[in-house]
Amino acid sequence: MTDGLGERELQALIERIVDEVRPEAANGKVADYIPALAKVDARKLGMAITTVDGLRLSAGDAHEPFSLQSITKVFTLTLALELTGAELWKRVGREPSGTPFNSLVQLEYERGIPRNPLINAGALVVTDAIVDAVKDRAAAQAIVEFLRVCADNPAIEIDEDVAQSEKAWGSRNAALANLIKAFGNIRSPVDQVLDAYFHQCAIAMSCADLSRAVLFLAGGGRDPLTGRKFISAQRTRRINAIMLTCGHYDASGDFAFRVGLPAKSGVGGGIVAVVPGRMGLAVWSPALSPQGNSLAGTLALEKFAAASGCSIFS
Amino acid sequence: MTDGLGERELQALIERIVDEVRPEAANGKVADYIPALAKVDARKLGMAITTVDGLRLSAGDAHEPFSLQSITKVFTLTLALELTGAELWKRVGREPSGTPFNSLVQLEYERGIPRNPLINAGALVVTDAIVDAVKDRAAAQAIVEFLRVCADNPAIEIDEDVAQSEKAWGSRNAALANLIKAFGNIRSPVDQVLDAYFHQCAIAMSCADLSRAVLFLAGGGRDPLTGRKFISAQRTRRINAIMLTCGHYDASGDFAFRVGLPAKSGVGGGIVAVVPGRMGLAVWSPALSPQGNSLAGTLALEKFAAASGCSIFS
Amino acid sequence: MTDGLGERELQALIERIVDEVRPEAANGKVADYIPALAKVDARKLGMAITTVDGLRLSAGDAHEPFSLQSITKVFTLTLALELTGAELWKRVGREPSGTPFNSLVQLEYERGIPRNPLINAGALVVTDAIVDAVKDRAAAQAIVEFLRVCADNPAIEIDEDVAQSEKAWGSRNAALANLIKAFGNIRSPVDQVLDAYFHQCAIAMSCADLSRAVLFLAGGGRDPLTGRKFISAQRTRRINAIMLTCGHYDASGDFAFRVGLPAKSGVGGGIVAVVPGRMGLAVWSPALSPQGNSLAGTLALEKFAAASGCSIFS
Amino acid sequence: MTDGLGERELQALIERIVDEVRPEAANGKVADYIPALAKVDARKLGMAITTVDGLRLSAGDAHEPFSLQSITKVFTLTLALELTGAELWKRVGREPSGTPFNSLVQLEYERGIPRNPLINAGALVVTDAIVDAVKDRAAAQAIVEFLRVCADNPAIEIDEDVAQSEKAWGSRNAALANLIKAFGNIRSPVDQVLDAYFHQCAIAMSCADLSRAVLFLAGGGRDPLTGRKFISAQRTRRINAIMLTCGHYDASGDFAFRVGLPAKSGVGGGIVAVVPGRMGLAVWSPALSPQGNSLAGTLALEKFAAASGCSIFS
């Protein structure tokens, strides 16, 4: 498997890690910007692996669904690229956002072109591209269906409570969408784009499903278990590169420094990661760092990369 | 070698690439912010490889020394970490700088803590750490000696003309250094730090030497040819991660997207890159993109990574 | 009157000024951000005076109504202060905005507290305060009624075409309002506040009416012609001070430098000015400077202040 | 005098004000960025008036010299305008700086053109203009001589201890000067400009002298007591306008709102103010607000303007 670790060792490794990182959650804070997230139990902790040769391992609360939040952005980016092609890169950049002062500032300076597709502003443009491309049906529905295919699980659903909570507390995202619209980089009505955006954030999945869903990014764009081709090898490398440089907001550099894997976090406390050529990974622990990334989740991935030697930088 | 490419194929590959990317230089502009760089011939183009098993290949002007400029920052970071340890990370961050509006703005917001060690502000702090640590002798001398050891070539020298030119036109770097000093994050006298900084920028090396010098970052911190240990495997991964996320200023995300290798560019037109576990690489072509990175050099590395399959993201 | 200028001299002065500044409009550009403004005739030019002793003079197109746009902000500030008192200053500052990079950036840094009530962000908060205070009726209606009283003219109306055009092209204002809402500094529903805001911008008045409406700011808060008290003398001084420091967006300093009178411009091409103790003034010429202020209007006021010696700085 | 206040009433007024504002100093903090200022007694408090008809009144510590610091900027601006003319306005703006994030940020965005001559960056450009114009002798000497003439007091001197302390702790100003140099807006060597700048900041004067020195700005550019003409009436209005909009850093709007007089503060705790047509004023109390303006001094001027009715906005 990874540098000679077999199934038993891997299973033991993730169980040990789950034990070791549990106390870290005490240093963080569950997201409270929407009521539906604030009530999640801070002690939840899960970890799961799906390898390219079909091994599926898990530890802790790895089978309990949680709110994906920004993690969905990796999948909507993939879907939008397939639907609309490289033209998308004229509407959104691929540079780290770099500033803690949130993307409204940068949007203003860069005239409505978001820095990358993994920050909220960029994901709004990506969502608009999907809204535009699937005209006949709801964009949120297209996105959840894509996730079902990726995870090979038709039971994946949107948590409508969370979606409504997002909408009720979504003034900042509404500000972003309106500003992008003012610069002409959102084409559909703002309300429609926001609705699709809030619903995609509210998709719920378990670590087990998530590590499975991301497997095509470890397989050069092809799901190694079903053989289904999602995207080209080149596009796969590029999505992995964007996850590495932009996947953790203003702590992306630190995550690369500590963990060394392409990954994307969400304020629901999940992180999905890719070991190219080897496996998909997912962790979940709701207590967040000030930058909005799962504390215990990051530590779990750091320990896993160190113990398994799977960093892309060695 | 790299996915089965043998010596002959690799040699043919880099020769072909050098031919193919040559026209790209016409789209760029040789750095003219100091007279000593402006006079470099824009048609120069070289490429070199040194593999962990000792193969040394080159094409074009790969044996002609050029001004390293910011490329040195990778080596001064390594040296400073060895001299002063992890305490350095209290004085400099490891996040991409993200803004095209140059680092003075960010320094102000973040109160004198540069975003990362590969931008000028960060390298000034790194240089100050070296000045502080080598008290008894000149910091610039310590740096050039470290590069000689890395490259296994005692003939490497500072180009004093370039150093003087840097100093004469160095108002912006003087502004940075004074601002950092105002925040208390430079300890030695500003003039001394600037002198060491300007001299390290002026070190001249060839592609052949440079690909050799960076080999320890492909070898887990150990020079695979001499066996000499430079830094730990963990620190090696971390330096590679910083190169990936921060090595090309405000085009670092784009470089990761296109090439997918840890690398560092300099306004002299050089780029050094690392294929972990496999090789060091260097290219040189003086015509730059608006962000200050070698145009033909970037394209050469993009082609090399695609043809050899050595991206860290696949 | 003003330093000894009698009625005849004043009338001759403003007629001469209207003639002299007419060519200046050729250097500017009629606002085109909403279709309803773009169709205004760039050659329109009017000027009017109402003195504290009841003299009413005018020249050019001084009796033709035009869209007040941001000029209304002076009156909504007055109304909001009367309705809600000094508590308003906890929700909006009184400093010049200073940056050409538009107020979204500043709102972000200063966490939803607009710099002053005469920029769009500040006027949205002021409007929200009025919406809150007049609960039982429409805020826009309360504002237009206040302007009728100020101008002593019951015929003043909102131009509904302009209001609808504002709404259709109001993405940037919607972005501002949503961002302020995200920081908790807008209390009523964003749509309701925006509706009141767009309608107040669309109030139409002539120079003659406008110079009359502002007279209470020249009279220490009391309308010198009707004797009606609007606000205290202290609050009058303060509103005049804010007009001086903040009345012309990022060209407020330049306007103070050239003209030296408290004044407020609108992108409809109007400017209202106050000579404390003496008169209200209004000019209208639709061609704007890059900062959004009437070119010929500013020049007219500069010439008037110089000729009449009425600058507050001498 | 001022709205009918005679000598006795004025004297009683300033004595009463000095008593009333004394406790306010407890809420502020003496400047401690250089040791030479930090040792000043926080309980010092003085106030002085010089009227255009020659009345000279004072209260408290009005005859004790203190460090002018930024107050000198008003006089160096006057001197530079006389030496170099309106061409100076191509090198420095006249807009409020607006941002609490200090002028380095703005300098960067606006490519080395400081926002106005009363912030440090602008005063460095003004100083460079003087250095350039007085080539044969020291700029600092020219400035102190100008102040002697303005104050009609040949005994005014530079406090060399303060000047040396400024220099030793002047990294931020060195950063500003080097950044402006990098943009080509400083012509003489940076060290020479900084030396002149640090020395002008260190000029010491009493409230009595200072209220006398600024009298020409109340007299339309002419010293009403000696008849000596300093600058034109138009330039006088303009300098007063700049003091009003830019004289108190990021609290300029608030000062205009509360006091309503052209004025300039210094971190030595002094404030100089002008009542056009009537008088020069000076106050001194070393305890500062967070924005760097004298707390008791501002309150004293607010009380004086309210009691005497001399605000320019009424």
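We call the chains A, B, C and D, going by the order they appear; numbering starts again at 1 in every chain.
By our rule, contacts are C-beta pairs under 8 Å (C-beta built on N, C-alpha and C of every residue); 3 or more make two chains touch, one makes a residue touch a chain.
If you're wondering where the values come from, they're calculated on a predicted model, not measured in any experiment.
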Chains in contact with chain A and with chain B: which ones? none
Hop count on the shortest chain-contact route linking chain B and chain C comes to 2
Relative to chain D, the most remote chain by C-alpha centroid is chain A
Between chain D and chain A, distance of the C-alpha-averaged centres to the nearest whole Å: 55
Chain centre separation (chain A, chain C; CA means) in Å: 48
Let me have the rounded angstrom distance from the C-alpha centre of chain C over to the C-alpha centre of chain D, please. 32
Give me the residue numbers in chain C that touch at least two other chains, ranges are fine. 101, 109
Based on the touch definition given at the start, go ahead and assign the chain network to line, ring, star, complete or other. ring
Output every touching chain pair, sorted by label. A-B, A-C, B-D, C-D
Quick one: which bits of chain D touch chain B in the complex? Just the residue numbers, please. 101-102, 104-105, 108-109, 171-172, 174-179, 181-182, 190
Contact set on chain B toward chain A in their complex: 93-99, 101, 106, 109, 115-116, 220, 233-234, 236-238, 240-242, 244-246, 250-254, 256-258, 260, 262, 276-277, 306, 311-314
